Every structure is written in structure tokens, then in C-alpha cells.
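Presented below are the structures under discussion, each in the form of C-alpha cells.
Next, two complexes with chain A in common: one pairs it with chain B, the other with chain C.
On to the complex of A and B.
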């Protein structure tokens, strides 16, 4: 975080409620996001306890495992969750957008929608990833057969968790992180991990200040944790007796009573978070969408389309990336991060302000303009207008550095000189093809402008990664081909 | 009894000194700059009780599911004279252990007194180094001096002697999935194990052995993937040992802090307690909440006095070290003229404030 982010937090403390750190919404929000609020049994790696799921705030569906240590009941839970997740995935595949054919003439399509899963926090993402890991290698035949939907769910959850790591992708969102991208609260980032407390700062209930609402939210009885970890005293005092009741039930009636009781107590833990999730979605929806969000959503849809179309012939994702894939993936993530950072800055003056603070961008008023200046040193004259910009920003751009306009990145230029609060910029592109600029393309005296070096680095191609088979010995040599084994499929889940 | 010890006793009042365990000792290393914590810990004061008395009970509870799971796993690994553990040591870590003696030091001839148990531990360790191909000591009772006071440690670990060296074996019930476990839990296990390694090293040096007789490589035993099957791995705790040593050395320097406190200060429960606690300076940061029983009290105090540190250490750094929220805001809006040494910080804050204003203005 920067001084700007820190200052926003101080302002929030002074105001008694959260302040914006973005002026637009930087993530796509589906019309029908699939909200999943998962709970896990304490002490276990990934023993699902319950989940509240659905795309309609009025109609949540409660899935739960009456005895979380029972393997069959866990797989039944996985199958029920699969029904919801896979159902939503199929819905997204109904509408198809035809794209212009690829260079080699193959047809290209893109599904009209991409499924979007929203969980309360990062631990929720971790839970889905682990649930994916524990189910994707299962077999539908052999000694421990599972419902065919279970391994499919595993592969899809793994895919969602994988996409979560990609900067700018909005296929799986952690609500606290998404909110923090748009608001700064007056508490520490650690405390922001509590969804109820964070929302308390952003949108305190009538009659309460942010800190008061956040304090209420820290009481696990008044405001149950947003999972996947449960409140230990709930475990000890409520859940344990309810599970014991299920274990001890003597007959069908007893069993259904015990289940009903479990449903009630688990629901009491989940409903508050469920409501917070939809309130948060409402707050995010009210923000205008950033200009580049739609383009990033198209990438998400491409990625979804590709994975869905190759799902049948694919294998479950490997436990670990091999060396070449890992290098490739890291490279892609870094590129995605750069482009996401730049896009957010172009979409949002409040994000661009971060770059003005560090001197990678500057804003100010045009004091002098030579819109028709020509550079006649070469064989052919070139249109090279000059702009002199007065700025109070600490400019750290060297003469010769390529820049572009924050308002219209197509307008390119170069720094000529920086001196005493003034920057001379030579415009080099984005003004049409003639020797006089297109009307309106060159800023005029008195206009507010902002130029930045962001996004002007010459496009770096992907470095040449070796093929899998050519993995050098320094990286362990060519990896063994992955073949799903019986052992994978029968892995204990106890 | 030293002056310091007498002084610390007075601070504690009538209450019994709280026993340290590896968790509390490891926690000493997490916020070394905090004088409040240093004094309370050195005096063996029950912070949990004090926090509750002050109305800020620590939110630490453990789910019985987690406890059961931990116990079941440990019992399973140790069953039949540590049969599973031995096969792990042999197969997973490649140690050639022909035969093994197992001794549980949890109870000594029906006598559970700590002194007796510690003496028995010493005795067995002294003997073990001289002979035998391999020995497992369960529940050894170790001792470590904390601020000049001996603290008994009740490690739920096994000390394993192999080829003349001891290894600490720590059994944890968090899963290791595809060779990876939750980094936070591994870090916490490493901090705790380091305490045992140190205590065991002290014991063996007292017995006239070299420090290196106790390996810095701890054996961590966890369930593998999603099963109950244990797996084992070596964990190098040298970094944690270094931190711990430094911090324990610093704790003995606690006399300087204590010397500056009023002579009649005491942390006895009662009306004066809050004032007494406040008279020792704390250094609160948000991550205290995960490790210190006093955290909620200190947080309340930090918030009430408008400390930037309550928002996180990095925030204070981003603000150029300004401690007070009000000062930082006044510097940012220009209503406070900065002293010379704050001029640069103030300029940065003003710039940040202007950029925020412009950007928010441009958007509306």
C-alpha cells in the first residue's frame, strides 16, 4: 500500500465509515453470480460441513453433511454441490456468440456468459481449491465408485481456483478482497478479513457508525464467522450435541429429527453471511463499471469456453505443475498483473493517482500548445505537436520516455523536458494520418490532462519456453507423463 | 532470589506464576518490542485472566473437533510403542534403526511432581547418549530459564536419539497435501519446536555435552493428503532458534524496564489494574490479535489514542513514521505546520491528499 491508501484509511477513521479507493467497479459482476458460503469441520483438512449456495438471494439452498467424518456422506455432499455448480455451468453454455474465424480459418465461438462464483473470503477460495483437489481424481467405477458428477466438480473447482490467481479474472471472487479493492476501512487489513466487520465500515446499519458496526460484527454469537472455519464455541456447545444426536438416532423418525435440528443450527450460522454477501453484491453493483472490465470479461468467457469445450477429452489437473508449465504460468500471471494494473489506472483517476504519486504519471493544465508543429528533420515531415503542461506532481519521467494520455491511451507522446513544475510533451501518435491533427485529438490550452508511461513498454513477446520433452536437467529433466492411477482414485478421504 | 525476581513477584501479587509452555515462549518472539508483554511474561502473570478482568477476554477457543482430531492422530502414530512412527522414520526419512527403546516420561512411578519428572528426564537423557542404537523419549519434562526464572516445559513431543544425536519429533494434525502444508501452521510448529530444541540443548550442555548433540532438524509428522496416514519431513528450525535466543537474552534485560516502573506497582486484580497495565508501554500491532491474550485491550487503547499503528505496521511506515492519526491528517490537509524533520513526510501527505481530492472531484 502507498501513502495514498494509508491516507484513505485515516480518512475512514476520521469519518467513522469507509471511504472509496476506486471511482468505478474494477470487476465484472454476473447477472446471476453463484454465491457459495462454505463451512468446514474444524481440525480436518477438507471435511465439508455445510454450504449455502445459490444464484437468487431469496432462495438459498442449504447443503450439509450430518456426520462430517462419514466418507459416504461427504461424497453425497460433493454430488449435491456438483449439481448446483455444474447446473450453473450448463446454463452459461446455452447462448453462444460467433466470433470472426481465426487466422487459420477455424471457427471460433464464445459462450454468452461465464459462470461466476463468489465466496466470502480468501479462506473460502482455499476451501474450494482443496475440495477440488480431494474430488477430481475420483473414479466412477472400481472399488470406491462415486457419482459421476463428483470428479467433474473437482476439475471445475480446481479450474475456478486456478483462475482466481489470475489478476483481472472475475470467475471466482473473494468478497472481502473485492470490497477492499473499492473501499478503505478504518481498521487494519487483518480485521478487514472479517466480512461482517468490513461491511460494517462500508455500509453501517441505520444509527450506527462504522466502528460500532464492526465491533458488533466481531462478536461470533451476534455475527457468526463467514467460514469456512466455524466459531469454536458454536462447535462445542451447539454443533457437537447436534451431530451426536444424529449418530445416536435409533430409527427413521429420530434420524429425520436429528437432521432437521442440524439443518436449523447450520442455517443459523450461514444465513447472516448469506445476507451480507448479497448486500455486498448490491453495493458493488451500484458502482459504474470500469471501461476495461468488459474486455476482461471477454477473456474470462474465452477461458471458460475453451475449458468447457475441451473438458471431455481432458484429464484431471496434475497435482503439481511441471517445470515448463510452471514457468509459462508464472510468465502469464506476471503479464496479466501488469496489464490489469495499467487497465485499472486508465479506468479510474483514483488508481491513476497512485502512479502520479510515484511519478510514473503526471496531471496538470496545458499552458502552451503547438498543435500543428512539424518535425522536418527527416525525409518526410511528421506531425509532432508540442504541449507544455503545468503540474504539481513529482514527475519522474526522463526526457525521451514514451507516454500516453490517461483519458485516451491512443494519444501517444514523448517527454521532451521536465523543469520547474512544467513538462514539455511531444505528441507522436493518435491524431490521425494527416499533417494536421484530427479535430479534438490534441488537448488545448487550459485543458486538464494526465500523461503516463504505463502501458507504453514495447510489447514483449513470450520468451521461448522449451517443450515439456526438452525440460533441461537443471529443472529435473523431462517429467514423466501423467497417467491417472487407481491409487489417485482411491485416495483415502478420512 | 535476585532483586529482579523479587520485583517480578511483587508485580504478580498473590497469584501463582503462570507456567510457560512452548506456545507462550514461542509467542515471546512475535512482538519483541512490546514492553508490556515483556514485563507480564517475565513475571509469569496470567495474561488471560488479566484481560478477562479488564473486560477484554481473549477470543482464543479451540473446537472440540480439532482437539479430538489431534488426539486421535497422535494416539494412532504412537500406538504399539510408536510402531507407525518408527516405520516413518525408517521408510520416509531413510534412517536405519534396527531396534528401539521407548520410554514414556509422562508419569514417574506414580509421582507427577515436576521436579521429579525433570530429574528423571535428565537421568535418562544422560544415559541414553552413551549407549543403544535408538531411543524414543515421550513427554520429556524440560526446563528453560525465562527472565531468570525456571519454566518447566511440557512438550507434547518425542525426543528421538539416533546415532548419538537427538531429534525433536513434533506430531501435528494439520494435513500435508501433495507435499505442502499450510505455511502459517508450519511456521507456528517450527517456532514451538525451536523452544524444545533450545530447552533440550540447555539440558544436554548442563550434562556436559556439545550443543550440536541436539539437531536443529526437527521431524514434523502430519497426516498425508486427506487421510489419517502419517507422513514425516525434516524441518530446519535454525532461523527460529536464532530469534528465540535473541529474545530470551533480551528478556533478561527486562530489569531496565522494571526499574523504571513505580516501586509499588502491582498487577493484582482490582480497580487499579487497568491503570497499572497502562503504565507499561505496549506496542500494539494488528497481528497481536492472533497471539497475545492482551491484544484486545491494547487495541482498544491504541484506537482510543488515535494511533496509526492500530491500522497496521505498514500504514505507519507509509505515513513516514507518524504515530498519531490526527497529526497525519492535519499534516495532510495543511492545518498543521510540520517541524523540520517532518517536512518531507508532510509534503508527501499533502501531495497524496491533493491527488485524492482531484481524483474524487474528477469522478463526481
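On to the complex of A and C.
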């Protein structure tokens, strides 16, 4: 944990309520997020029990499996969930934004919206990932056919879960993680995984302190778990008899009674979390959006557009990444992490403060400025203004290190020397193309500035990866071509 | 039969060179700390280039590339040596001393050169070109995705590295590849051997750096199944001081280290922040005191003073390094202070180490990583002084490794927890209480 993170937690303990650790919202929030609160049958890896879904807090839709051990009923549930998820995806494809054509002249478009799914916690993300995996290889013909929407749901859920791994992407959010990005509570990270307790710290009900509200959240009767795992007493005392009632129902009336009973008891478990989810969305919505959030949302929309457009011709995502794809993906994730870290710090002085504490950034006042200094050692003179910045931060950047300005990352520079409370920076870019800087591009004496090495490391251009067919001998050679078969849906251990 | 380290090491090197000629696609050489890895790389380069093969050498950092250039150009001036570098590269003094070495940014400019050397990152930018042979140095520190990117450039390769040092890492945490034989987060050698189990693996058997007092300790703790021995006998190396100690704990710790090769300066148990000011002061004071007392090192290389350039101070975190540098101040000018990551591959007479677990409340995977302690405990030719707060064994007992276990992931040896215990148990015999 960073020093500031620890401090914020201590302050939260002292104050009895959560402390903000961000001044802006660092994730995109859709106008109509699709909230999914899933429940799983205890003891099964991915047997859906119920889910409360919808984009409107007033009109949740409860989907449930009356007998979760029955595979046909499970896939019926998947088809119902597919209707909701695919419906929302289609809605997002209605508005299209035209983009300037690509270099090779092909037209580019971007859907006006990207679907956003929000689940209560990380386990919820894991559940959607597993549900995607267990449905995307299902066949719609042959021995055990399923509704055509089921494998489509599987592919989309897998895509959402893959996208979740990407730092800065906001297509699938786990509410507890998102809240933790913006507030620090006075409890442990493990306890923060409980949505009700975390919200108790952030926004305690009238007359209660954060710890008191969090303590209430520990009672599974007053505040049922946010899933996908259910409360064991509920399982034994309420759910099991209700499912038995369904199994034993003798006729249509009996069945519909049993289903109604299940609906009521499952609803009692889901509604409290459903309400918490929308309360949390309200809290997040009240924060102003960070400056770079829109740019990251554009990447999400690009990804969505590309996947939706190529959906028809594609196969389900492979069960495992092959060597080349794994390396590529890791590379992409690392680049995304780097730019996400940098963007958050640029957007938010509270986040930047962490880097100033660790010496990767420094802030201060310009005490000396040579805005028109030229470097004439090369063939052509180059504009290289010097700035001397007085700072109280513990600077840990070595001479020669590339830095950029937090206020305007386009303004690049290089550390020349660091000495007792003063840093000399040579500006190298972002001042126009002439030998005198564009007006306003170079900070003046007395200006407050903040420079950081964040976001200056990224290698330019796309790196070379071999083609899949040219996977080298060190990595087992080229993998076999994928041919869909009926066995695809089987798990290795089943 | 007596153990002749020179002959033993020579036999392994000969076997490696013979394997290079035997038509294997790859040859792996594991090298414990200070076992002559760079010497082997230079010899193998000369051997292959001498046989008329064009050769590429892959190192991990610019520093390592420059080191190798210096060694090869000095030892084998007849080889046409080229260095591939990025656009802004300014040759270091070591490279500039060899005007025959050609520096270029494009591989095409080095077509005539029989040996071309560059960092892995530079090699990975090449989209074409092929060399019959490659030597990959520090191959255990290279991630397998890097190997994937540059494996198309060579037909056969010699991989050399130290399996006990720090594993490569990533800035993102991803579990989706755990258990895959081509997991991009694993080291290049582990992926190579997973797909090509028939490749010959050699081990250099002798550490020329570590003294007789350290080799068995490090070997047992960090290389439990692939042991090595010291190249020198117990009496071959001696460390003495020109000035006598004054009986302070610092002086007693230094005397203990000079006499036995190890010392633990133990501070009272306390939970502290990472930059524990007391421990930092003690560590810096030891280094300064070592300079003041004018250490003299006697070894098979002769007698030399232990000046600042022969001393290193090591720590786990960068903020600790900053604090240590500040605490050393002008009195410790010239002493190397760095993190374990950056001390990899370097050698000193005496090292002063701030124990990674000193003053901590928890033992995370980062702090338990055996490679980190291994690097810190195996940089010295004469003595290693460790500074730590009391209570680390109890801390370890309270934090057994609890990493998730994945199917098909090879179990890593040594276990960091156990290695830490082993080193502490040994240090306990050389304890001086502050």
C-alpha cells in the first residue's frame, strides 16, 4: 500500500467514515449501465441460480433457475440473460459516429455508445467469465442443442471479461473495485470486498458512523451477500425447501406456486444489493469526470465496434491463448497499464501526490527560465529552453530522465540536474516547430508546475511479433488450426 | 581425491563447447553467482566466430552489452564486432576505448561483422535477418515473450544465465496464462525447456567470486539441488583492517565479518516504515566505518585495499536506496548503493545489506522472493554484513507462503520462505546485537 493510501485509511478510521482518494471520477459511467447481480448455486463452479438485471433502478428483472441442477433449465436461464444482454448491445449499435478515414482510405466508424455491465464485486466478474466459458462453445444443432442466443451470450460475456483485465477499460466494472478507486475506508481490503460494508463507510445512513454501518452489513439476514455466493443459512433453511417444493410439485398449479415462492425468496436476497448498486452509481455519478476518461471510453467504443462488426465471421474465443496471442496481449496490457497510471495522475492531483511522494514527480515554482535557449551543438540549432524549479518534493529522477508536464503532457523535457531543492529541466518538445516557443507553451517565472516521468517510457510504434503460423521452435512451433467440434464444450476435467 | 576447481570448471566449459558443435538446436548453461558466466560467453563467442559462424549476442541491458563488448574486444581483438543500438545511444567509455567496434542502428550496416551484439529490446525490433547462432546472456532474467519476438532471428542458440536470481516480472497482474507452457510471464529458459526437454543443460560447478565461507551457505539455501563449490579454499582469502575496532557493535560486526565472512548486526525488534531510519543509519554507518578502518583484502589476485569502489550497499526498495544514499553522504562517496535488481551480475569485496524483511509486519511474495535475497547475499568476494531488526524468524513463521497453486505450473525451487530461514539460521551464528 502506498504511504498516502495508508494515511487515507488511518484518517478514515479516525473520522469514522471513508475518505476520498480521488478528486475526479476515473472511469466512464454509461447513461444506462446494465447492472447484473448474479447468484450461483453453492458448491457448483458455475451453476447460475438467479440474477437481477436491468438498466432502470425502478424496473429490475429477476431471472432464476428453479432447479439449478437441471442443465436444460440452466441454458434456458442463459437464453433469458442473453435476451437482456444482447438487447442492450443492439441498442448501443444504433447511433454511429463517422471517423476520418484510415491511412489506407478504408472508412472507419465508431458506435455512439458502448454497453457497460456493472456487477457488485470481483467474484461477479469471475462468475460472468465462467458463464461465458461454459456457454460460448455450445452448439445450436447436434446432440444437445441450445438456443442460438446462448453461444452468442457466451462470446460476449467472454469479451467483456477479457476487456475487464485491461487497465482503464470500463466496459465491465466491479462496483467494489470502482468505489475503492475513489474512496478509502477504514477496514481491510478483504472487508472492502463486501459492497454493503464499503458503502456503509462511504455513505453511512443517517445517525450511524461508517464502522457501525459496516457492522450492520455483516448480518446476512439484514444485508444478504452481494453474490455470487449465497448465505449458507439461506441455502439450508429457505432455498433448499423452496427448490424441493419445485421438484415435488405434482401439477401446473403446484409448479407455478413453487416458482412464485422461489421468485419471492430469491428476490429478497437480490433486492438489497440491487438498491446498493444504484446508490453507488449515484455516488460515482456525482463526481466530475476525469479529463482523460473520454479518451479511454473512445478506446472502449472502438473495441466494441470492432468486435460487433466481426462477430458474425468469428469463432468463439479460444479456450487458451496461443503463444503469440498471449505475448501480444501481455504487451497490450502493459502499455494500457502505463498510460492508465499516467492519465490518472495527470487528471487528479491527489493521484499525482502519490508519485510526488515516491519521487517520480515533483511540483514547485519556476524560479528561473530561459525560454529561447538554443542547443547549437548539433548540425542544426534546436530549441531547448531551461527551467529551474524550486521544489520541496523528494525528487528521485536522475539527470537525463525524460519527463513531461502534468498540466500539458505534450510539453516534454529532460532532467539536467537535481540539487538541494532545485531541479533544472531542459524542455525538448511541445513548443511548436520554430526556434522560438509558441506563446504560452513555456512556463514563466512564478508559475506553478509539476513534471513527472510517468507516461514517457512507452516505446513508439507497434512491436514485432511473429505471425501465429511462425511461432518459433522455442515456443513449441505453430499451433494446430482450430476446427470446431462437438467436444469443444467439454471441460478438460469433466 | 582432491577437488580441483579449475579442472572441474574447465571440463564443463569443454562439454558446452562440444555440445555447440554437436548439432543441438539449443544449449543451456546454468551458472551460479560468480561462476564465470561472462567468461564462458566470451569463450563461446570466440569459438563460434572462429569456426566461421555469424553470431548474434543478446544481453538484457545496455550496461551488460557494454560490458560484453569490452570483454570480447579486449580478449579477441581479431573478431569483427558490431553493436546495434537505439537512436539516442552515446557509447560509454568502455566501448569508446575500442575504436574497431562498429556502432550502428540498422542491422544491414553490420552485415560484414561476424559478431553483432545488442539488447534483447533492440533485437526484438528487427523484423528480418537471420543468424546461424545466438548467445543469450542472462537468459533467466529475460521474459519468454521477449524470446518469442526474437527467436525468429536465429537458428540455434546458447542460453546462459543464473536460475537463482530474480525472476522477470510484469507491471500487470494476470493469471490467465498460469500453467501454459508458453506463459509469457515465465523466463525464457523455462519456456524453452518446457517445449524442448531434450536440450542439454550444463551447470558451472565453481563460484570464483564467493569465498569458501559463503559458497556452501548460498549453494544450500538457493541451489538445493544443483549445488556448487567455491573456487578458493578457506585460507585463500583474508580481510583485515588497518585500524583496530573500538568495541562498538559496528566494529564488532565488522570484525566478525572479517573473521568469518558473515555478520548480522541485529537491531531491537520493532515494526517500522520501509525507510526505517535507525536501520538505515546503522547500515550506512557500517559502510562508512568499513572505509574508515581501511580494510585490506588478500586473495588469490593479490593484496588490495578495500576502497569505496569495492563496497556495495544493497536494499530491496528504491526508497530505501535513496534513504541510504542520503545517510551515507560525502563520507561514503563512491560506495555503490542499489536495489537487488540492479546489483544483479555485479561483484564487490564487501557488501552491507539491509535485510528485505527488517522491521516488517508482513512477508509478501515480493519480500519472500528467494532471488532477491540470493542476489543480496552473493555479491561479495570476502564478507557480507546484514543489518536487520530482530524477529524475522517469527515473522516468517507467521507468514508461510500462501500463493495460489496452479495446475501445470512447475514448483519453484528454492522456496523463498525456506531460503530465508536457511540464511537467517546461518546468520544467527554471526550475530552482533546493536
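Keep this in mind: the second predicted complex is superposed on the first by the 467 of 494 C-alpha atoms of A that agree within 3 Å, B and C clash if a C-alpha of one lies under 4 Å from a C-alpha of the other, contacts with A are read in each partner's own complex, and residues count from 1 in each chain.
Rule of thumb we're sticking to: contacts are C-beta pairs under 8 Å (C-beta built on N, C-alpha and C of every residue); 3 or more make two chains touch, one makes a residue touch a chain.
Keep in mind the model is a prediction, meaning the values are calculated, not measured.
Looking at the shared chain after the overlay, A:392 reaches chain B, while chain C stays out of its contact range.
When the shared chain is aligned, no partner comes close enough to touch A:222: not chain B, not chain C. In the superposed model, B is the one of chain B and chain C that contacts more residues of chain A. Contact with neither chain B nor chain C is seen for A:244 once the two complexes are overlaid on the shared chain.
Once the two complexes are laid over each other on the shared chain, residue contacts for A:445 go to neither chain B nor chain C.
In the overlay built on the shared chain, the residue A:320 is in contact with chain B and with chain C.
In the overlay built on the shared chain, the residue A:359 is in contact with chain C alone; chain B does not reach it.
When the two complexes are overlaid on their common chain A, residue A:9 makes contact with chain B while staying clear of chain C. Of the two partner chains placed around the shared chain by superposition, neither chain B nor chain C is touched by A:294. Look at A:350: by the touch rule set out above, it reaches chain B but stays clear of chain C.
Taken together, the two structures place residues 3, 320, 394 of chain A in contact with chain B in one case and with chain C in the other. Within the complex formed with chain A, the chain B residues making contact are 59, 61-70, 173-175, 177-179, 223, 225-229, 286-287, 289-290, 303, 306, 308, 310-312, 314-315, 318-320, 325, 328-329, 332, 348-349, 351-356, 358-360, 362-363.
By the touch criterion given at the top, residues 3, 165, 167, 320-324, 326-327, 330-331, 333-334, 337-338, 358-359, 394, 396, 459, 463-466, 470-477 of chain A touch chain C in their complex.
Put simply, chain C touches chain A in their complex at residues 25-26, 121, 124-127, 144-145, 147-149, 151-152, 170-172, 174, 176-177, 180-185, 188, 191-192, 195-196, 273, 318-319, 322. Within the complex formed with chain B, the chain A residues making contact are 1-11, 13-14, 20, 23-24, 41-46, 130, 133-134, 186-191, 211, 218, 220, 230-233, 235-236, 239-240, 319-320, 348-350, 352-353, 356-357, 363, 392-394, 448, 491-494.
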